[in-house]
Structure formats: C-alpha cells, structure tokens
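First chain written, first letter: the chains are A, B, C, D and E, and each begins at residue 1.
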Amino acid sequence: MEPVAATVYPNYDSVGRAILEAFPIIDFLPVWLVALVIMVVVAACAIVFILVFEGVGSLVLRKLAGDIQSRVGPNRVGPYGCIQFLADGVKLILKEDLKPAACDRVLFRLAPYLAFVGSCAGLVVIPFAVGMIAADLDIGIYYVMAVSSLVSIGILLGGWASNNKWSLVGAMRGAAQIVSFEIPVAMSIIPVILVAGSLSTQEIVRSQGGLFGIFNWNLFHNPFLFFSFFVYLTAAQAETCQTPFDLPECESELVQGFMTEYSGIRFGYFFLGEFGELFVVCALATAGYLGGWHIPFLDAGNLGWFWGNLLSLGVFLTKTFTLVLVSMWLRWTLPRTRVDQLMRMCWKYLVPLTFFNLLGVSLWLLIFDGKGIPAMIAALFG
Amino acid sequence: MKTLSAQEIFEKLKGKFGDGVVSLQTESVNPPFAVVPPGSIQEVCRFLKEDPDLLFDYLVCISGVDHKDKFAVAYHVYSTEHRHRIGVKAMLPHDNPVIPTVDVVWKAAIYLERETYDLMGIVFEGSCDPNRILLPDDWEGHPLRKDYIYPEQYHGIKI
Amino acid sequence: MSQGPAKRKPIKSNIFDVVPAPAEIPQNVLQKNFERVRACKGGEGIIEVGIADLFINWCRKNSLWYLYYATACCGIELMQGGASKYDFDRFGAVFRATPRQADMLMTAGTITHKMAERVQRIYAQMPEPKYVIAIGACTITGGPFYKDSYSVVKGVDLILPKVDVYVPGCPPRPEAWIEGIRNLQNLIMKTKNYGLKKA
Amino acid sequence: MGLREYISDISEAVVTIAKGMRITWKYGVDPKEETTIFYPEERMVMPERTRGFLFNDVARCIVCNMCVKQCPIDCITLESIKGADKKNVLTSYKIDMGRCMHCGLCVEICPPKSLVHTDGYEGSSHTREELIVEFVEDDLATIKARIAAHAAELAKAAKAAEAAGKAPAAPANPAGGEKK
Amino acid sequence: MTEPISKEALRTDEWTINMGPHHPSTHGVLRLELTTDGEIVSKARPSLGYLHRGLEKIGERVAWAQFMPFTDRLDYLAGMNCNCAYAWAVEKLAGIEIPERAEWIRVLVCELNRISSHLVAWGSFCADMGAFTPLLYGIREREWVNDLFEMVCGQRLTYNYARIGGVSHDLPPGFLEKTKEFCDYFEPLIDEYNRLITYNKILVHRLKNIGVISARDAIEWGLSGPNLRGSGFAYDIRRAEPYSVYPKLDFNVVVGHADRGTLGDCFDRYLVRIDEMRESVKIVRQVIDRIPDGPVMAKVPRVFKPPAGECYFRAESPRGETGFYLISDGGTNAYRLKIRTGSYMAMNIFEKISKGVMISDIVALIGSFDIILPETDR
C-alpha cells in the first residue's frame, strides 16, 4: 500500500511569519521594527509562561512533597493553597535588597540574571505546538546545548561573588557537575538527531509523525534509543541539579550551596532559573523521544489553524509535566550522592553508555537503512 | 574470663605496689575505690590495663570531687574481658590540684580530663589537649567548685 | 490531596479523637490573664491600614519562611511541628537553611552565653522585614535554668532588639506554635508600611 | 572492574531506586494516608493527665507554701496576711507561666489538691509581663474589709456563746475560707 | 615536552570552615572547625559547650527529687531513659526496693522511648544524606509514641514520669492495648523503611567504608551503645550488667556485621539502630504479656535524705551508656552529681576518624554517631 499522502504542513516555521501573513497591513512599517515588535511579543509570552510554570511548579512541588510524606501541603492561602506562589513571589520582591559587605558588587548582581537567562533561553527552540515555536532554528539542539552552559557560569559567579566559603564550595561543585554532564546529555540526544536527520526540533517532532500513534515515537524506534532515553533523563536530572544530584545547593552539607548569600528576589531568580531549566530539559525529552506535539491517533497538521495548535499544545504540555512530576517524585525519594561518586558515575558509567548507544543506533540505521521497528512491522503487514 | 571481686583486685594491686596503694574504700561505696597517691596514678593505671588477670581496658568515667579541704579525682574502670569493675581515687591538695594525665593509657581520658579541668579546675599535666571544652575560653573560675561565686554578667549580658 | 478536615477518615495513628473546634481559642488560664492585663493597660488604639498595606501584609503573612534553627528540646518540637501531624507547611511556613532567606527566627531552645553572640549575628544577617518568636520557657525567661544555671541567657530579649511573640510552654505543643504563628500573622496584618511620617 | 560487576552495579542501582520509589508512590497516591490534624479547625481531645497551664482554686488553698518550696525554679510567689482565726488569707498568688516547665511536682505535693493542671496550652502573648498569672482577683482593700467583717462576726459569735454561758461553750467553728 | 608540574608547585593552601553552631546538619549546636583543602577535610576539631547549661551544678543546688525534671532535659529524645536511670541510681545509693510493677513499667516506657529516639536518629540521618521523606516517616511514627506517653504522664517530650521509689502514675486503662496496637502497626514498617532507603545504592555508597572504627579502638576511646556495637563488639549494659527486670526478658544484643562495607563503618552503626528497634518491639511485647499488678510507688519519706556514701549506676540509653556518679553527704541535696553520657565520648573519637574524608562524609559521621547536644554539653 503506497504511503498516505504526506500531510501538508502549513509553512508556519515561526510565529513571527504567521503574524506577518495574518496582518498584511503592516507592510508599510520598516521590516526591522516589525521583527523587533514580534520578538518582544514572543519573548514576553515565553517569560510569562516560565513565571506561571515556576509558580505552579513550586506549589506542585510542595503539595507533592506533602502528599508523599503523608501530610498536607500549603492549603490555606486560597482554595487548596493555589495562590501560595503569589504570596511567596510578592514577599520575595519586597525583601530588603541585601548584599554582603565584602561581596563583589557587580558579579553578585549579575549572577542570578545569567542563571535565569541561561535556563530560559532554551525556550526559543521548544516546539510547543504545530505552529507555535518561537524560532525554528535549524540548529535547534545545538543552540540549546550552547545556551544551557550559561547556567554554570551563573552558578560560578554567584558562588564566587558572595564571598562565603560554603557558596564557593557549592559553586565549584555546581560548575564541575553541569559542565561534565553536558557530555552525556548531548551524546544521548545525538541518536535522536541521527534518526530524525535534522537538528531543528520542529523537524525532529515531525519525523515522529505517522498513523501508528504511540509506536512512532522515537522511544520505540529501536532498543538503543529506548535505553538512551533513560540515560538522557538521568543526565538531565544531574545537569539541572535535581535532588539525587543537587550538590551545588544541598541543604544538609553546604547550608544552601551557592545561594547561601542570596536573599529576596535575587534568590527568586535562581529559583526561576532552576525551574526554567527543569522545564527546558523535560521539553527536550518530550520533543526528542516522546513524539512532541503529535496527538496519538489524530493528525495535528490538518486540524485547522486553531484546533491543531491548541490540541498539540495540550498534548505537549501533559507529556512534559508528567516528566517534571517524575523528576519531583525522584526528588522526594532519593538521598544525595557525593561529589566524587557523581563524577565517577558521569565519566565511568554514563559517557561509555552513551557512546555504546550511539554506536548501536548508527549500526541499526546502517543495517535497516533508517527504518525503526514500527516501520518494519508496518512493512511486514504491507 | 575470670571475674575478680574488688577485694582480690585490691590484693593484686597491693602485691604489685606495696605501700603505694593506700587503702580500699568499701563502706557504702558501691564500686569500691582503691585510693592511690596522685604521683603513681599512671603506673597503677598502666598496670591495671596490661596485667593479664585484670585487663581494665575501658575507662568509664573521670570525675573530680571538691571535698572543701581536698580534691578527689575518681576514675571508674571496667574490664570488657573479665567483666569486673573497680574505682581508683587520688586525693589532691586544695590549693593547686595537679595530677599526671592518664590519656597515655586510655585515649578516652582526653575529653574526660578536659571537662574535669574546665569545670573543676584540676590540672592534668602532660595532657595532649589541656584547654577548656565546655565553657567559653575567656570564662574565669571553675563553676563546680563549692566556693564558686556566680559572675554578674558575661560580655554585657546579665547572668 | 484531600482538603477539608471534615471529609477525612479518622486517622489510624491518632489515639485521642479529633473533634472540629470553634474558630476562636477556648478560654484557658492564660487567655483570662491576658484580658485582665490588657484591660487595665488600655487598648492598642485603632491602626488604619491602607489597601496596599493589606495586600503586602497578606503576602508577607502567608509566606513566613522560618530559619532552620534549633538548639535544645524545642528543636525536636520544631521538627515534630514541621512534620506530618501538625504541618507548618499549611501556613506557607517552610524552613530555610540560611538566615538570608528567612523571615522569621523562632528561637527554639536554650541560649547559653557562648551561643548568645551567634544568635545576635544570625539575627543581623536576616533581611529586613524579620520577626522573632520566643518559643518555650528557656528563651522567654531562662525557664528551668533561671535560678541555678550560670551559663544560660535569661530570656532572648536580653540579646535581640525586638521580640514579637512569646509562646510559653516547656516545650510548647506544636499547636501552641501554630497559635503563636497565627498570632504573629495577625500582628503582621496590622503593620503599616506606607505613609509613615519619617520621624 | 569486570563487565559483569559493571552491569550488576547498574542493575542494583536501578532496582533499589525503583523499590524506594514504589513506596513513596504508595504513600503519594493514597489520600487516606494523611495524618495531619487541621489544627485551627480541628482540635485533639487532650487526655485527663495532660500537664497544661496551672490553675489554683484560691478558695481551697490553705496557704501552706508547700508548692513554693517544691518548685525547683521558684515560679510561684504568694503573699498572705493573718486571717481572723489565725489562718492565713491569700492576698496575691502569682505563677510565672513564662518560667514554669510544667514538671507537675507542685501539683503532686499540694495537700488540698487546689493547684491542678488544666489542659490549656495556647497562650502566646506580646510581652513577658502578661505571662505572670495572678489568681487572686480582688485587691487588698476588699480582702481586708472581708477579714474585718469576719473578725467582727467571730467576736459576735464568741459573745453569743458566752451569753449562753451555761450551755457548754460551742467552740467557734473553723472559719475556713468563706470568701466566695 | 615540558616536564610535568611538580606537586609542590600546585600546592594549594588549606582554609578553615566553621561548620558552626548553627548548621542544618549538626544535630543541634555542635561546632566543627574544619581545616580543608577544597573538599578534603584534613582536620575536624569539635568545639562543644554551646548548650552547656550546668546541669551538674543544678544537681548540687536542688533536692534529690527536684532534679528529676532536669534529667528530661539531659537527653530530650529519650527522656524516659534518663529519668529511670537517675531514679535507679538514687535507689541504688539509698538502697530502696521498688515494687515489681514499677520495674516493669519503667522497662516498658524505656523501650518505647528507645524506639522513638532511634526513629528520629534514623530520620535525621537520612535527612542529612539528602532524603527528606524518611525524616517525616520517622516522626510520623514517633507521634504515635508521643501520644502513648501523653496518656501515661501528660507531656510529649519532657516526661518527668519516674520518681525515686517507683513511678508517679500507674498505667491508665487501655494503655497496654494501645501499645500492642502500636507494636503490630510498627513492626512491618521497619522492613518497609529498609526497602525504602536502607539498601538504596546511593545511601549504601555514601555510608560504606566511612568512619571505620575497629572494636579495639572503640573500647580504647570509650565509645558505648550502638556506636560500640556497630564495630562488632557485643557489649550491652542490659546484658553485661543486668539491672531491673532485664534478666527476665529475652532479647539478643544487636551487633554490626559487615553487611555492605568493612566492619565498624557508618553503615553498620546505621543498621544496628534499625535492628535495635525490632528488639525493643520484642521487649515491649513481652512486658505487655508479663506485667504483674500491684502498687507502683514504694514508701519514700517526702524530705528524702539518703545515707552518706557514693554510688555509680550505668543504664543503657539509646545513645550509649548513661552513668550517674552520685555522692551524698546525708543532706537533702546531692553533694556531687556526675553524669557520664555516650554522645560526649563519640565526640572524643571524632577528630581521629575524620582525617582525610570529604565534607559530605563529615555529615555522615555526625549522623552515624547520633549525638545529641545537651548530652554532650550537659
């Protein structure tokens, strides 16, 4: 049976061009002004999304903690405690702007912004829905890897500038951890790129389309990819300093790690950065392995402009939030590793595994010339 | 594993040290005490520890007692091998209580002597860590002495 | 994630049964004493607080992050208060490890003279809108160690400039802590932040 | 280290982490596992032996000073004046709740059992003075007036007993506190 | 080819960090002066005394019976054990015989308190290792024991329950059934805790082969209780010098057996505490079945003047040996009251075994000794 006609995807590779086509009257404005306005609009909604996600995330984190520990999380600040994060946020903003006397003024103020920018800049290439992507760069994955290393600079600056021994130890741990876990994260994304054949995230998600629903996900493409999904999740958990590996700001050893001297909204920025990076990493996992915004048995492309985007956005966010919940569930169960065990795990276990995966995937693609298990089964049944 | 009674232990001590061991306090003193002159405390303790029949390898507690006219340092020792217990007491003059240390015999004595020095004011010469442990370093006086008067204030805070 | 108290089954690990309670605190010995003292001291007068104040105070009240500071027996009651049975997290009170991120210092446990200077430093490190609750007899008046101890500070207000709420008990029950926190929350609602004439 | 040990390391890690997560899943999913008491809306019924704040029933107190001597930290201070029938009458009975450590020694020693533990425990205040609980309500003047009236009454009863001299003089019954 | 940089050229100088009196994982107000080279600690010197309240001086100024509430403040996680230890010590000094039922009640409350103390020890040890949930599970079970004690003596933490000559109140009706209910509820939970966290690979690697103390060293440095038994030396005062009704009870002494690392490391001390909870539940069950009826308080004069003399009594508290050395000169107050505790000796050995470990292991060491500061500073 010849394959179904390739679905025609509207050429919305970026929201900006979509708006341009929708409102032709903007033609007389200079192009750079329109581009600037669109960039500001898109950036604003990305920041608002991250703020809301951080608020809801911190509330869900405390409610989940309460639930696991057989108690009740915050439940008095509004029905079921839903506006607890509003109270926290406003209180943090109104705290005294306190800088330790002997701290390095400029770097102390700069560090939180670097950490926040580093983690939220990855939102540019996250494929939220069929047409909803800030900018469909064709070097998407490469861009995310580059930008997310800004966070380690932010952590290093924060630790060094606050002139506190605990934070310096925390910063050194943080920098070592993030830099060394970039390699397993990057290496476990490369099999996805090999399979999809392109670095652009939108392209990767489109390559997982097709009518077999869940089985078209890269996760089930071949056993090596299945295995590298879990390696990616562990390495990503370490790169975003989540609990089994939250050594930079561990509470029981280093008081609060590199955030020891930060108070008020500066600490808020670090907190935002942590949740932003958690979201970016889980979004990449969904886009890369779990079929991004593909609605299991429907075809997002030809559902029309409004419904297509809405449904695929919903599917994408549910997948990402389940991964975020799994990460929080890990956070409240596991103890913390030690620094040298962390490094040993990275270099002696994760990096060899990713190389083995890479070899496996490339051999698989060579032998079965690019078709995954579901594609072969489909070919069998004709 | 042969548990000796306090009397037999005292006989062995008397046999080894002759008149060095002054007396054995037993009336209404539950683990009986062998009173020893302060000078020979180290030899007695080393003998207690090394002698195959005694093998007192566990120093339970060192406590200083202020008897108003003299100080007493009471060592409780126990043998985990033979499961018997004895107390060793040394009497010190009240004006400058000095006694050689026993942390060369049992390492447990380091902190116990530091605390006794800190609270009671008994100097353990030759100790490997002869400074205060519980009270702040610039605290004058030793509180557990009977003639201790509470200071008015410390660093400006009323006591 | 069940919400209200009424809709839950009786808790297996509670020996004493739990009954719904009226909103205000039942009249016990100390409450009657408070009325008597406040009656002869005259009321506090009316403090009119603007809308902006109300919103800011509401935010500060509902996210009182307390410092993870505990010296003695009240420290264990602090852990038990923060744990499953009497949950401080319900009131938005989370423990923070550094004084920089803490709003509230609950002085739980005896403060000795050697520790006094450290408590002053911790208090100084906390950013400005900060509150102090003196928990337990040891920090209110030196408690059990008032008469005969030479090394205990007889009350935390000898070393800290301002103590907002005193919670008696040795150690006070976690419910008394929660009542102390709610008392502080009412105090916060009545503070005036804007329109203060600079003295 | 050999390949077998390498694999067993990874598998052991995955298995033990999965076991731990299964338990937190059990507690996380099951809403019935909550043990929180919603304190302000709910309250635990206290057992009868709870040692909460102290309360002294001033009427039954025989001013024997036993509680003052028994308290290790002298929280209780009381003053009394000579009553009409040579018994002391309380003029002020103060317990410093900010210092009391709820040890219960005074309650055990009190002969008339007038000093008891109530089950109250909420008492947060804003100043230290509020925590010193005064149990004698009325002030000195009214107490003196009552004693004077009591003395006058005793004198009258003694005269009446004398007037009925022939009848055996009924001893003046012990006044006891008839303050209420 | 440039010759490699010599080690001296790369010499980094050490700095001292104050793991100060206020630190999230020092179990109270312990201060450690760490001289470290980056993460590797070359010397960790404990500096104690931040909670020294002068209990021994108070003991001399307060009557014998009035010192009982202060023994609660000595080790507030195991108030009952210290209460009963002090009561036994004074009874040994004065030669008082206490009724049979009082002995059984004391053993019952001591073992219940050992369970609740080990629960907090286990919980806060896991919280120091980063897993926050076990701390709340441990305290959730401890709340049940708190309620039991509130039924018996009215307070949750500072019980003041034992008296010289017996116990202050008899067991309330329904107490034994509720304790049995607690035992049946709690026994399977210990295995669940083991599945949750004990054999977790991360925790095992964090604890194994760290702070290894040989049995010889443990005795030499005066350790006692779970810290000594963790090194494989079966010495429990309830068996070595039986007091009260412990000879009539059958329980075995839990000893560390090099389960994962070498003998005497942090993991062994951790496991000893977990198994001791099982033993205590076994003891509590036996006491519930065999507790006799009868009075709970012996005839003791109110103004209690023991005959002049000295006595040293040792009891097994959850943190090791709690010893009271009492000297009485016939007066109403003690002439000298010396308290020997297990946590103080754990701090004694701390400096020796913390050479060359990392900062994270210092936290593991403090947790494995389960010290408690009022016991260390008194």
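Just so it is clear, contacts are C-beta pairs under 8 Å (C-beta built on N, C-alpha and C of every residue); 3 or more make two chains touch, one makes a residue touch a chain.
Because the structure is predicted, anything quoted here is derived from the model rather than measured.
Number of steps on the shortest path from chain A to chain B, with steps defined by chain touch: 2. Ranked by separation of Cα centres from chain D, the top chain is A.
Comparing the CA-atom centres of all chains against that of chain B, the greatest distance is found for A. When the C-beta pairs in contact are tallied for D-E and for B-C, the bigger tally goes to D-E. Centre-to-centre separation between chain B and chain E, using Cα means, comes to 25 Å.
Remark: chain A and chain C have CA centroids separated by 40 Å (rounded to whole angstrom).
Centre-to-centre separation of chain A and chain E, using mean CA positions: 46 Å. In this assembly, the C-alpha centroid of chain C lies 29 Å from the C-alpha centroid of chain E. Residues of chain B in contact with two or more other chains: 135-136, 143. Contact with two or more other chains is made by residues 9, 17, 20, 24, 31, 34-36, 38, 46-47, 72, 101-103 of chain D. Residues of chain E in contact with at least two other chains: 24, 49, 52, 54, 57, 62, 69-70, 133, 136, 140, 143, 150-151, 158, 196-197, 200, 202.
Here the touching chains pair up as A-C, A-D, A-E, B-C, B-E, C-D, C-E, D-E. For chain E in complex with chain C, the touching residues are 20-22, 24, 28-29, 49-54, 57-58, 61-62, 69-70, 72-73, 76-77, 120, 124, 135-136, 139-144, 146-148, 150-151, 156-158, 178, 185, 373-374.
Listed in rising order, the residues of chain E touching chain A in the complex are 15, 17, 23-25, 38-39, 126-133, 136-137, 140, 196-197, 200, 202-203, 205-206, 358-361, 363. Listing the residues of chain C that touch chain D in their complex gives 1-2, 4-5, 8-9, 11, 13-14, 16-21, 23, 25-26, 28-31, 33-34, 36-38, 84-87, 90, 133, 137, 140-147, 155, 157, 164-170, 172-176, 178-180, 182-183, 187. Residues 62-63, 65-67, 69-77, 79-81, 84, 86-88, 90-91, 94-96, 98, 251, 255-256, 259-264, 267 of chain A touch chain C in their complex. Contact residues of chain C toward chain B in the complex are 113-114, 116-117, 150-151, 153-154, 158-159.
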